[in-house]
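Quick heads-up: structures coming right below.
Look for chain A in each of the two complexes below; its partner is chain B in the first and chain C in the second.
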Partner chain A sequence: MNDKLKIVAFVCENHAMSAIRAASTAGESLPESIRIIEVPCTGRIETPQLLDAIGDGADAVAVIGCLEENCYHDVGSMLARGRVNRIKDIMKDISLEPERIEMINSASVSGAMLMMKLRQFESRVAAMPVLVLKEAIK
Partner chain B sequence: MIRAERKPVSEIARMLTGKKNVLVVGCKTCVAIGHAGGEKEVSELISALKIVSARDGHGWKFEQTVVERQCEKEWVRPIEDKIVSADAVVSLACGLGAQTIADMYPAKQVYPGVNTMFLGVPEEQGVFVEKCLACGECVMFETGGICPVARCAKSMRNGACGGSADGKCEVNLDTDCAWYMIYERLKLQGRLDLIMKISEPKDWAKSHAGGRRKIVRKDLLIQPTDRTGTEVKK
Partner chain C sequence: MSGNKVCMILSDCQGCSGLCRDDLDRLTAALKADAKSAHAVVVKAPCIKEFRKELRDLPIEGCDRAVVAMWCHPEQIGPVNWLPKKISPSLVDVVDLSVYTTKGVACATQVEKYLRILRASAAGLSHAEHIKDRKIPYASKSAIVIGSNDRAVEAAKAIAAKGIHTKLISMMPLPSTKADHLEVIDESITDGLKGIPGDFKVAYTRKGQKKEADAASILLVSERCLIKMNLPKDSKARLVPLEQFNSYSAGGSRVNGMVFLDDILTLTTSADQVTPAWHTLLEAAKTAAVTKMADYVSVLARDVKAAGLLEMLWKEAADAGVKFIRYDDKSRPKINKEETTITVKDLVLGDTIDIPADVIVAPVTSRPWEPVFIERLSMPSDWDLKSRLRGPQRGTAQSPCDGIFLIGYAGFNKLLDIAEPEMDSAVSQMLAFMLKGHHIARGAVAVIDEGKCSACLTCVRTCPYRAAIMNERWKAEIVADKCAGCGNCVAVCPSVAIDLKNSTRPAIKAQVAASTGVMQ
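Entry: the complex of A and B
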């Protein structure tokens, strides 16, 4: 794995964060490349924030929300999925790999499964070409 | 309201090749309500263009602003300093907003960041549909409040045509047949006699086919007069 890999994870403070805490309590640790940004609801993350994470140097972005059928804020995860898909379209448009951004849903009791999905995501990102931004984003 | 769609970021990026200071101007009216060119969309576009700039070495510096109504000079004038100091202006307003800036500052290169699509309404969250063609001669008084010009694929004045089946249009089976809807509406209102009325061919000269149109409200004009009370041309 690339030691310098950086993946920004926007994590909903409800079911998704509970899942991460539960997995940590059970002895699982987050992949090293993951930087967590806890948010009240994934439905409040706007598209510029997702793009700015890439623009500011992240190799990939994960948006981790509740299961859609059990979202703490009812439609938050659905809204987040729509925005993630919109960013995938923009990334395709500007010739970046759309797989650099993923929506991951998790129940609070599925910590181990969430950790596995994150490890798989990290492996997929590590296999991608290194994203070189030629100048610092101002 | 006027509905628009943002152009692909790659297309906007091509327009900006060779530029340095780029001003992206949104509008708080139609395109903001329609999620095409409001404050959020301005930020989104800049975030995407910053990635392109950093990756491809364009060196673009961005400034962003959003005006109340970009189609009116009064709202554009306050951002004159920003327009003047930019190499290029990307307008996320409709074609009216972009042309207002371009006409006010003819030496400035103004690029459209959206494709202006149609006059439409939100049908459900995230879905906008065309309902008016701005044809210059509204006929909805005899079609139950449904516009056959905009909502019939053939803009027929007498319908339905032979391509209507099960209430759907042959041009697109996802689209309701406007004339079927008109029939149902008139039936509901007890005005089915109107469906039997043969309408004269539409006068398309009142639409864009007659050239660029203009509305003059004389009472709003500020028109000086001479001593005899005769209007003097400014």
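Entry: the complex of A and C
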């Protein structure tokens, strides 16, 4: 079950990506289910792109950005949080679990913490029932 | 699958990857079999410079973009300029596979995963657009220093000493300062700042006349914390910053009269409304009176009511023997040169009195933010906060805009001795910027489709770099030289009129599709 899990992670190429790099250098490994997509800033991700990822067969979506008060591009993480919250509402409307999408903020130095959050997110998603959409695609 | 063909370059670094020869061959064969990446090539580790020479003549067969897959940090190989000339550096994606490696598992089991990651990366890259960096020579050869305190004058002199024509724009009248290449424009108020690095235009008003000055680089000197703690010439009194009062009082010296002043700028310039650090000031005055550091301890303040909330402290200080004297802006206290006294018009008595002042204690951090100054230059008001938070990316002297340097804006209010290295750093960075002679613009990264633009101004409001402006046709336009390619305007645009060259919509879509395993 866990092997087939697919979590699309939109990662900002600044603080969040350097956090992941730092953690991997320190010997932590990325959870198997995480599929990283680097974006210049989390503020670049549009609402349809987040929903499309679920539609394409991902079980869950994580948006990983800088800390809000310390965002590399000043406003990016803040805008992304708003979008993620909006998607949560939409997911409720179409009777999907809103917990399938999550915004995670990380400083560039707290890579280990970020990996822990990702592992927790993965286990939360693994406990959820299989996505109906996914069955339909296959 | 549409999109351009991507050349796949795989490092055969067995040491870093931990893959054996068979696995590497398996990976290469799978990549070659891929229709998208027809030109998978295994090369020797590109982190070693000697091997890079061989890469110049790689058979790329018409590809103009490449994925470089390796097992070390992208910074270790630096800029990728050793590939065949047809491949433009903006279309090279360096993938660090070590990030995705699961530690403690046999590497052979991870070949599938590497393959998936490289395919997703290639899918994204095949939809990326070419970004051409542009080299823009500076239109102007002069520098502008804005500020009116001693730091500004010193900084301007230091820059002019290197043979660069420097203009010093100051709000206050300055004593005549003469130096080669230095032009002092005093008593003028800056109205606005526009332009690009290398070609800034500063508008200012001098004696009612509107003028404009151009510069390649600008140095902004904060007014609030860098006042040299000097009294008028020939004065015998000693000035102690309130922030250093503790170390002064530890010295244990005794004087005749000690005056606590609400604002240091009272003595030197025409200050606007100030918010003194009343609590610290009253505590210090009380300490001075109780420990008998001076025979006469007095507090000179503009508005006594401002300290109403600290009534108890106020009363304690008065009981200890501190005298409170009010003055107003029309009749400022004056320091007498011959005797160590301050002449002030007491508002209660309505008479001019002399108070003994061997030591004058004043807070240097009392000057508030300079909202007016920042507004006039049309900058975001929390600029210095940003440059502080930017920490690793930006030094204290750098602003979010290339070519503009700051003194005294980063962090907190500080005394002169702390700000001194900041000035040196700002001046040297500015000189380095001036000597470079050209500015490299990344090229328009965000592009607006004018046909779709509905002129709603959302991008103009959102852009953290103020790169989005309205043009004369009343459509939004991205100033290429300011755009940092963050894409915040792309996602907020309600008309979907903007796309980002370094991360296009199809590229993200292709990457999501490739990584979730749905291939068209």
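Throughout what follows, the second predicted complex is superposed on the first by the 132 of 138 C-alpha atoms of A that agree within 3 Å, B and C clash if a C-alpha of one lies under 4 Å from a C-alpha of the other, contacts with A are read in each partner's own complex, and residues count from 1 in each chain.
The rule we apply is simple: contacts are C-beta pairs under 8 Å (C-beta built on N, C-alpha and C of every residue); 3 or more make two chains touch, one makes a residue touch a chain.
Note that the coordinates shown come from a computational prediction; the quantities given were computed from them, not determined experimentally.
By the touch criterion defined above, A:126 lies against neither chain B nor chain C after alignment on the C-alpha atoms of chain A.
Once the two structures are superposed, chain B and chain C can be ranked by residues of chain A touched, with C on top. Contact with chain B, but none with chain C, is seen for A:93 once the two complexes are overlaid on the shared chain.
Within the superposed three-chain model, A:20 lies in touch with chain C and out of touch with chain B [touch as defined at top]. Contacts of A:112 after superposition: neither chain B nor chain C is touched.
When both complexes are overlaid on chain A, the residue A:51 reaches chain B alone and has no touch with chain C. Shared contact residues of chain A with chain B and chain C: 46-47, 52, 137. Interface residues of chain C, counted against chain A in their complex, comprise 73, 96, 98-104, 113, 116, 120, 124, 386, 389-390, 392-393, 462, 464, 484-488, 490-492, 500, 502-503, 505, 508-509, 511-513, 515-518. By the touch rule above, chain A contacts chain C in their complex via residues 6, 8, 20-21, 24-25, 27-30, 32, 35-37, 39-41, 43-47, 49, 52-53, 56-58, 69-70, 72-76, 79, 83, 108, 137.
Partner chain B is touched in their complex by these residues of chain A: 46-48, 51-52, 54-55, 82, 90, 93-96, 131-138.
Chain B makes touch with chain A in their complex at residues 8-10, 13, 40, 43-44, 46-48, 50-57, 59, 61, 126.
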